[in-house]
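Two complexes, one shared chain (chain A), two partners (chain B, chain C).
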Partner chain A sequence: MVQQLSLFSSIDDKSYDLFIATMNTVSGNPPILYAKVSTVWIPNPSLQIEGANSKGQLVEKTRIKVSTDIPLSMLQQDSSSEPLNTDAIDHTILKTFQDSNMPINFKTLQDMMHGTDRINDEKQNAWCLSISDIPAAGNNRKVSMQTINESILLSHVGSNSNIETIMNELGYIFQYQYVTIGTRFNLKHNLILELQKIWNITESSKKQITKGGFLIKAFINVDKATDIDKMNLTESVLLNLQKELQGYITLAVPDRKSMDSRLVID
Partner chain B sequence: MQANSGNMLNKPTNMSLNANSFKPDYKGVPSQALDAVRMRLAQLTHSLRKIRDDLSKAELPQWYSLQSQLNVTLTQLMSVTSTLEHFHDTLDSTVVYPLPKFPTTSHETLLTTLLRKKYTPEVDEWIKEAQESSGLDPSQLNQTKIKQVLQKDKDCTKWALDTFSAEFEKYDFKGLKTKKEQESEDLMETDYVPTAQTYKPSDAFVVEDVLNFVYRGEDKEDTSEEKKEIPVTN
Partner chain C sequence: MEEPWSIEFKTYRTHIKNYSEDSRSKLMYSMNFSHHPRYNVIIKNKLGLLLSSDKINESVKERDTRIQDLIENDCSTGFPESLDMLLGSKLTNMWEQRQILRGDAGETFRTINCIIRCINLFSSTGFKGLIIEIESIGKGSVEVFNNKVNDIKDLLKEINIADYQISHDTLTEQTDLNPIESDTDNLCNLAYQYVRVLEY
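Right after this comes the complex of A and B.
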């Protein structure tokens, strides 16, 4: 269980180069390109789930996010012609993804989920399961504070086993999935700043949710929420970044309701 | 008209000899005209002397101070010219003669200088030069020809003045900007603003909309619960 302290902002596509250069200077570290697919699962509505545990406490139904990384070689637009050279792919590739079109398609993601894709065939296909709570309440919060429970699924056994079967056996069914391609900066004090482009990939369509720009997320994970000193330090680190980028971009706390992954109780 | 400039000539004498025997009549002295010219000439000579002194100094004054001095001097010169022009009739018809008590013997040089009617040799030289450079033969000139020449000269002067003032308008000799910059100022500023806008990123979308999708699968433009209906495999 970690506490994630975060601040968000957004920039338009045109500002990407300058922002990368700025963060490169501020952090002293080069940008790192990453891509991941996130699948979101909800409790199977056909199952009867009690709204309370044995102690009579309220149990809320929460989505589970299951994500894994996408090999960067898959980002190349025409992967068929050239031998894949992942070294040649850098953060500038994000500039080519300005609209909803992108090289990863639904079929590939299904294959990854079912463990039948050729790229991950040889490797252990690790998936990250995470459940997040609604961010902490409070009107005068300077940073968003969210509890996240995470677990890594390294391997699974059994005939015809894949992530989907596992999730189904846990009583969860697939709801939606999205692909995140982004650039990450590692700053001091475990501060991570990410620029993300997010696509909603469905069987019939691809749609870029962050059309026209990038989502900026600056966050630090703190192991224990009870470690007050660490929490305070972390908060001030984030606020320092906010202050440093003041007048350029505005890092702000988003509406906590938008970061609520619980199911609507009906 | 007869006038008497004896008040000037009287000064150096300082003699009261025969003071009662002769009463000069000062009524005819065009004192107003003479005073006006005298004052302006005094100013002009003062300015010219100052410029000469400045230029002879080891260290030259700043160019702008020299220029402004020259401007002042030129204005004074113009003032003298226009004053002379204004009192032209009076001064032209004024005849100067010494009073009887003037000590002609002791101050002969002064008297001859003051009463001289011929041009001084330099002035003669200037006139000769001007005549030569004009390319006109004085012997062949009649009244109409002179008028023509003068008219031509006036036209030429007018053209030069117009051209000068037109050119002068095109430049700004004061301030920090050239005329060109002033005129294109608006344009330059509009050029400047967009660059300022591009350097500062603008929000492409609302962060909450993206987060709504990330955390709950809610699509801003597609709020129907369609996605929740996505087929349950298995």
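Right after this comes the complex of A and C.
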């Protein structure tokens, strides 16, 4: 169980260079390009799942997010061209993604999810299964605070074993998936700042949700919510960053309802 | 004789009414072995899943670059737990933990071509039985291994024990051409054998 403390903001495409330069100076670290694919799963609606467990405690149906990293070698300028040279890819590539064109082949992503061939353990993709609570309530919260439970699936065996069959066995079915490509900065006190481009993808369409700009997320993960000192320190570290960037970008607490992964109670 | 070991064997059953007609597929098993502290093994039907345990520390992260990759690409927060924790907290409306079998202070004997592990299993109600696990090491042939298994069988007969279960099932297609070597296969097959033996 992890507490994630975060603040969000956004910038437009043309501010990207300046912001990268600013963060480079503020953090003293170079920008790092990263990419991931996330799939979101919901409890199978055809199953009669009760809202309570055998002890009578209320348990709400929540989505599970299953995500894995995309190797940078998979990024392509467009679906027809050859993969880029990995060494040549850096954070500037994000500037070229201004429309809905996604630099990753849809089929390759599907193969990652349904792929069953395996040569050895290391070749098998590790996936992270995570369930997050709705962020903590309270009117005068200075930062968003969310509890995340996660487990890492390292590998699997069995005939026809892939992420889909595994999730189905757990009673979950696929809902939607999205790709995130972004740049991250590592700052002091485990503070991480990310600029993200997000694409919602289906077989027929790719839509960039962050069209025209970037989502900015600054966060710190704290492994023990009971460690009050650390929580307070973490909060002040985030607020310091907020102060430092004041007047330039506004890091704010998002609406907690937008970060609710529970299913609508019908 | 080597270090003592322990095991935790948990059974989950779904209480979704229309989940499946087949009573066996309503069950899911989770195992934690003290001699494989990095892993949590889940057996569901004929699927074997190898998950991170809650004992992930810095050195484990360094050894398995895949975990490192997940953290660096914003997939994982860096503090994963075993699936038991998720099942036991967030998914209790779907999966209910039924029985925990525990074995502590198990013995390990190493012979020239085998490792033999023995442990007494207890549930909350009492003694469940003795588990004997035989693992061949090195390049032992199948015949040598079968001889060892027969030796154990003879031993059991000698002390008048006729009521035992034995399993050498595997989840993967195992052929001589394709000897199983990966940790995943070994552990999941081992876990599957535990399930088969304990299922009766």
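The rule is simple: the second predicted complex is superposed on the first by the 251 of 266 C-alpha atoms of A that agree within 3 Å, B and C clash if a C-alpha of one lies under 4 Å from a C-alpha of the other, contacts with A are read in each partner's own complex, and residues count from 1 in each chain.
The rule we apply is simple: a contact is a pair of C-beta atoms (placed from the backbone, for glycine too) under 8 Å apart; a residue touches a chain by one contact, two chains touch by 3 or more.
Treat the numbers as computed from the prediction; the structure is a model and nothing was measured.
Colleague: For A:205, select first, second, both or neither according to whether it touches chain B, chain C, the two together, or no partner.
Modeller: neither
Colleague: Should A:101 be classified as contacting the first partner (chain B), the second (chain C), both, or neither?
Modeller: Neither partner.
Colleague: Applying the document's definition of touch, where does A:92 land relative to chain B and chain C: first, second, both, or neither?
Modeller: neither
Colleague: See if chain A has more residues touched by chain B or by chain C, and give me that chain.
Modeller: Per-residue touch count on chain A favours C.
Colleague: Touching A:148, do we find chain B (first), chain C (second), both, or neither?
Modeller: Second partner only, chain C.
Colleague: Report for A:261: first if it touches chain B alone, second if chain C alone, otherwise both or neither.
Modeller: So A:261 only meets chain B here.
Colleague: A:165 in the overlay: touching chain B, chain C, both, or neither? Say first, second, both or neither.
Modeller: both
Colleague: Taking the superposition on A as described, I'd like to know which of chain B and chain C A:15 touches: first, second, both or neither.
Modeller: first
Colleague: Tell me which partner A:232 touches in the superposition: chain B (first), chain C (second), both or neither.
Modeller: neither
Colleague: Pick out the shared contact residues on chain A: the ones touching chain B in one complex and chain C in the other.
Modeller: 38, 165
Colleague: Under the definition above, what is the set of chain B residues touching chain A in their complex?
Modeller: So the residues of chain B in touch with chain A come to 198-217, 219, 227-228, 230, 232-234.
Colleague: Which part of chain A faces chain C closely enough to touch in the complex?
Modeller: For this pair, the touching residues of chain A are 1-2, 4, 32, 34-36, 38, 43, 46-55, 57, 59-62, 67-70, 120-122, 124-131, 148-159, 161, 165-166, 169-171, 180, 182, 184, 194, 221, 223.
Colleague: Which of the residues in chain C end up touching chain A in this complex?
Modeller: Against chain A, chain C makes touches at 14-19, 25, 28, 39-40, 44-52, 56, 64, 66-67, 69-70, 72-83, 85-86, 89-96, 171-173, 182-185, 188-189.
Colleague: Tell me, which parts of chain A touch chain B in their complex?
Modeller: Residues of chain A touching chain B: 8-15, 18-19, 38, 40, 42, 44, 63, 132, 164-165, 168, 173-176, 178, 198, 200, 202, 207, 209-215, 247-249, 252, 254-255, 258-261.
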